[in-house]
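Scroll down for the structure; my scribbles are underneath it.
Naming follows writing order (A, B, C and D), and every chain is counted from residue 1.
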Amino acid sequence: MSDNPILVIGGGPAGLAAAKGIADLGRKAVLVEKEEYLGGTPIKEKYAALTPDFRDAEEAMGEMIKAVTDDGNVEVITNSTVTSVEGSAGNMKVSVQNGGSGKTIDVSSVIVSTGFDHFDPGEETQVYGYYEYDDVITLTDAEKMLKEHKFVKPSSGEAPESVCFIQCVGSRDRQIGNQWCSKVCCGIASKDAMEIKQILPDAKVFVFYIDLRAYGCWEDDLYWKAQEEYKVNYIKGIVTEITKQGDKLIVKGEDTTMGRPMEIPMDVVVLSTGMEPSEGTKEMAGVFNLPLESHGYIGTIGGPLNTVETSVPGVFVAGASTGPADLEDSVSMGGNAAMKACAFAMKN
Amino acid sequence: MSEHKYQDSVQLEQVIVDGMDISGHWNKMFVPRALTQFDISGLEQLRDIPGAESINNCYQCAKCVGSCPVEYVGSYGPRKIYRKLQIGTNLIEDDYLWLCTTCKNCVRVCPKEVNMGEIIPAAREKAVLGGFIPDEIQEMLQSVSEYGNPMGESARKRAKWTKPIKDSIKNLAKAEEGESVDVLWFVGDFYAYHGRGNDAALAMVNVFNRLGVDFGILGEAEKTDGDSQRLVGESGLFEDLANHNDALFEKFPHKDLVVNDPHAYNAIKKFYPGITGNTRNVTHYTQFLSSRLDELKALMTKSFDKKVTFHDPCYLGRHNDEYNAPRELINSIPGATFIEMPRHKEQSYCCGGGGGGMWLDGLVANYTSERLSTNRVREAVETGAEVLLVCCPYEVSRFEDAVKAVNAEGKLEVMDIVEVINACIPEG
Amino acid sequence: MKILVLLRQVPDLVEDLEVDDSGKALDVSEIKFKLNEYDEHALEEAILLKERGEADEVVALTQEGEGSEKVLYTALAKGATLAKSIAISGEASDSAQFAKLMAEAAKAEGGDMIMVGVQSVDDRDGQLAPIVAASLDMPCISAVTGVKVSGNTASIFKEYSGGIMAEFEADLPAVIGIQAAEQPPRYAPVSKIKQIQDSAEIGSLSASSSNGASSIEVLALAPPPKGEGAKMLDSGKDLLDVLKDLGVA
Amino acid sequence: MANILVVTEHIKGNFEDISFEMLGLARELAGATGGTCSALVFGAMKSNASQLGAADVVLAADAGDEYNPEEYSAIVESVIKDKSPDLVLIGSTSMGVDIAGQVGTTLNLPIISYCNAIEASGSAFKCTSQLYGGKLNSQVQVSQQAIVMVLAGSADPETGKSGGSASLEDVSAGKGAGKVRFKTLIEPEASDVDITQSQVLVSIGRGVGSKDDIEAIEELAESLNADVSCSRPIVDAGWMSKSRQVGKSGLKVKPKVYLALGISGAPEHIEGMKSASTIIAVNTDPQAPIFDVAHYGIVGDLFDVTEELMDELD
């Protein structure tokens, strides 16, 4: 039974949950994080509030981070990445690089929780004019503004009269190569829509969707609430293209329910950009030569019945590095991975 | 097109039952609901045709309909076709099959890659073999199979336009095998037979000569490139045309094969090789001229002080990703100010002539409020441009027709880019 | 019920027609030949009858020569059940003699109805339908735009000018000169013709020309005297005189 | 001393114009050769024999009142055998085409079709026939008994109405085997005319300013007993139905006279009407391409010309 620490790579919700879980089981954990700060995407992308409970992202993540940094069992190494590994199950020697200097650590097992990157709509395949028109923004841009409790037209700084969200940008798209549904954008878009209506009650907010995917309790916590209480307009039909006329953006497409062509002037267009395997996820897959599943995420071996074990003994995975995942998924997988990693360490 | 069966359930204005007036929306229950059966045989038939399988991928997101040029002036688009297929339409026997101009704007935006650029020709091939061919298209195909051009003009008159410049052009029609030229120029039907096309052709000859290009034309021996015939489903005729023209390319060795018609460019570049086994160094004339831009700039000393705008032809742009060559030429026209239309490059609006559309105006008129070319010319006029520049021979006649339709005569001229380039080169 | 359709190749008017050195006949070397438009309508009407079940066989016949195979394979691709080319020995000096040769071949083939185009651009010496009919002692009705067959009689719709039609009933066999089929002639896709070329066979018939040269003397063949472009008139009154000359006003 | 026989044509008790035109020609030929001209009439038309003023003798044959290809051919055959005329004039028409071919073959007489001019030259006759869609004329000479098919519009019908003694003579003639029976005449539906069959067309283009101006044109067409057709812009504007559109995306017409009012003559339109025998164009633009294909032209406003025509006609 090796009492080497368990390595957790990536300090987002999944990584924090895993590290805390390991510590609570009385074992040592080493949490390596690329950024200077912990908290992962919610902090990096400056989310305003978490989905679905609207808690202030910084405050909620702050508590989770504090629980880990205060726990003696967890050694946090920020600004660092894992660059190589030798040995095998039970006693792996990983080298952790921090800019110039680096060190090697003997670990008993590893949890990869390196998360996702938001899809960049500027790639040449997506032509909603994200880099051409200032008023075309992404979900993360919106979150940044909402974090400061304001929502303005980037081109003029004034409050917009009309805002619309376009769903499935960079997801469910064979041409772009991301065929999966990113699971969270419908929920996040509905939340953001409500937050915008809180700040700008008179603004007209639209959501253009193919099929609005608000799973489980998100259905009425987010979708119904947005539509019924905050009067967000949901229109079935994805926008085709955006052109600029004067200071307005013209959103063109088809209102499929009414079977009518649709050309609506908008002040701000928010692209609900989905998830893609993050750079970190790709790197770690390389370092630990973890086979990827067909969409490019890290493959697990048990299908739905074992979500955290990879085919490399002693290497576990959690959160969005295995596929689109919301906060509940990430934190739950974090805990599961912690348990399995500890069990593995005890047996080897 | 059959409206769906359950839509005709009757809602009675006024209903009295046992003395009680139950008029109102609930009396719909008064009439037993019609049993509806989704007849998707049309969809099943279409997706089984080789080349048309991708119609089955559509998940009805409707991105395509917003991009469809026919939708702008009517009600059309892949999603709507898919919907009609679901409720009983058989596309093979329906006018809807013939409204698509194969402009591939929908293919550009479709997340499921439903490829109308392949579905429509494949479906039309089955329609043609089954005998479901619009009269206008039958007439065009008859002309092409009889005379080698869709106008029904005599093949012998294909080089008549060269009469005024007999000595400054090499006509290889009767030349010996092996006679070579640097540039083999595939003139095309509209340049050869249509009045306004002749103007552009003569301009092209002058530009070639002033650039000192050693070029030759196929003259009477040339036949239509066949792309439009392929797109209306006459693949057999297309094969004959491909073999005929390619034999001529083989007969006269050349470095560059220059075409002025994006449809010819598309056919020779992408589809001839599959049939003839040979690939040719084919370039569109805007690509050829922009590769000689410095020499051209030196020649173009007369200024052309006009506001111009440009229409990207679907078969040069979306089908073959060439957006820059025409713009390089336009930007080098001395004195011209270039204003882009809102719908330009990948998002360019279609002139309605592609995919057989040139010969389907009669049929399409029954389904649209105005012609696509009229809608496009309206947009050109709104830019305040004085000249609408084109580089596809189909468009000169279509847009000049449309200028009349929007009463913009005298306000907007339509010119082929080569005509403007030629106008900037002084005599001598 | 077996229908024979006689198909002729005639000079294509799209080409410029030139007269040969004798000044009395066409310079054949320059012309392009194509299927006579009216014969195409006759073939279409015959195929329509077959599709309506009023005829079981449609046999396409044409004179053997350059382009005859393409004509026959196209006819088969459109729906003809059989195709035969007629080898003519000797020269048919005018359209009357040609008609008698075609009658001879038709007689050899046998059939309940013979359908031909009402006229062609070069049948100066008499039209095919009536001459074939008289040669085979059959009734003839020309300028027909509709045929319905029941048993061994046919109702035939003949068109006069101004759109008035006459309905006749004729005992078969009969010869019908078609002016227009009930729908525009269908197009035979090249791919279908290619399929037919591999599978179908073309039969053959023969006919030999008997009586010698025609009894009229051809003096000249020349373009009509042509004015230069539009003759410009000054007023409505001049226009009225022109209309009067044309028998319109 | 030529004896010319004219086979007249009629519908519903009225002689067709071609009958008078042929009679005029026959009268002229008879006059030139010091011969006679006779006209064969069928059945009830005997009572209208006096209208054929130019005929020396009107031969009346007992026959059904309406044209029957088999019966009338048999009659013509036996009259020719009986009267052995030097020349037989038959219309190059829907009726004439049946008779000429059959009778010429049974009596082994040469047939000359599509003639628009006949001259006597000594004992022979010189005929000009229009072939190849009017592109070439064939001049032939015949010096034996022959059948000549005369194109409608080759002569002035008035010339056939006077100048002869018009005596009447009954002829007996065989009526054929009765294999063909006349059933009924069918009138075209009044609502819409098939312009591809019209003989005279008044066609309007963009030069017509608005929908209600079309009425004046319809009146003109009425008085010329012509049908109205149009170019594409008129249909696109919704002023006339698609069935009236001439041109590439419309219909192809082959009228005797095509009066083009305010039509510029785009290639796509020319394609639909180039086979009209006589084209008259009225357009304000002297350079309009229509003038290159027209036989007659007026540069001016189509409404002025129409008014002038209407005043002259009343």
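Some notes on this structure:
Assume a contact is a pair of C-beta atoms (placed from the backbone, for glycine too) under 8 Å apart; a residue touches a chain by one contact, two chains touch by 3 or more.
Small disclaimer: the values here were computed from a predicted structure and weren't measured.
By number of C-beta pairs in contact, C-D leads over the other of A-B and C-D. If each chain is reduced to the average of its C-alpha atoms, the one that sits nearest the average of all protein C-alpha atoms is B. In whole angstrom, the spacing between the mean C-alpha positions of chain B and chain D is 44.
Chain A and chain D have Cα centroids lying 86 Å from one another.
Averaged C-alpha coordinates give centres for chain C and chain D that are 21 Å from one another.
Contact with two or more other chains is made by residues 152 of chain B.
The touch graph of the protein chains shown belongs to none of the named shapes. Per the touch definition, chain D reaches chain B in the complex via residues 206, 232-233, 235-236, 242, 245, 248-250, 266-268, 271, 289. Residues 11, 13, 17, 19, 26, 96, 99-100, 118-119, 121-127, 129-131, 133-135, 139-143, 155, 157-171, 174, 177, 179, 214-224, 227, 229-237, 239-240, 242-243, 246-249 of chain C touch chain D in their complex. Those residues of chain A that touch chain B in the complex are listed here as 127, 168, 172-176, 210, 236-241, 243-245, 252-254, 256, 259, 261-262.
In the complex of the two chains, the chain B residues touching chain C come out as 125, 128-129, 131, 133, 135, 137-138, 141-142, 145-147, 152-156, 233-237, 239-240.
Residue ranges of chain B in contact with chain D, taken from their complex: 136, 151-152, 194-195, 359, 361-362, 365-366, 370-371, 397, 401, 404-405.
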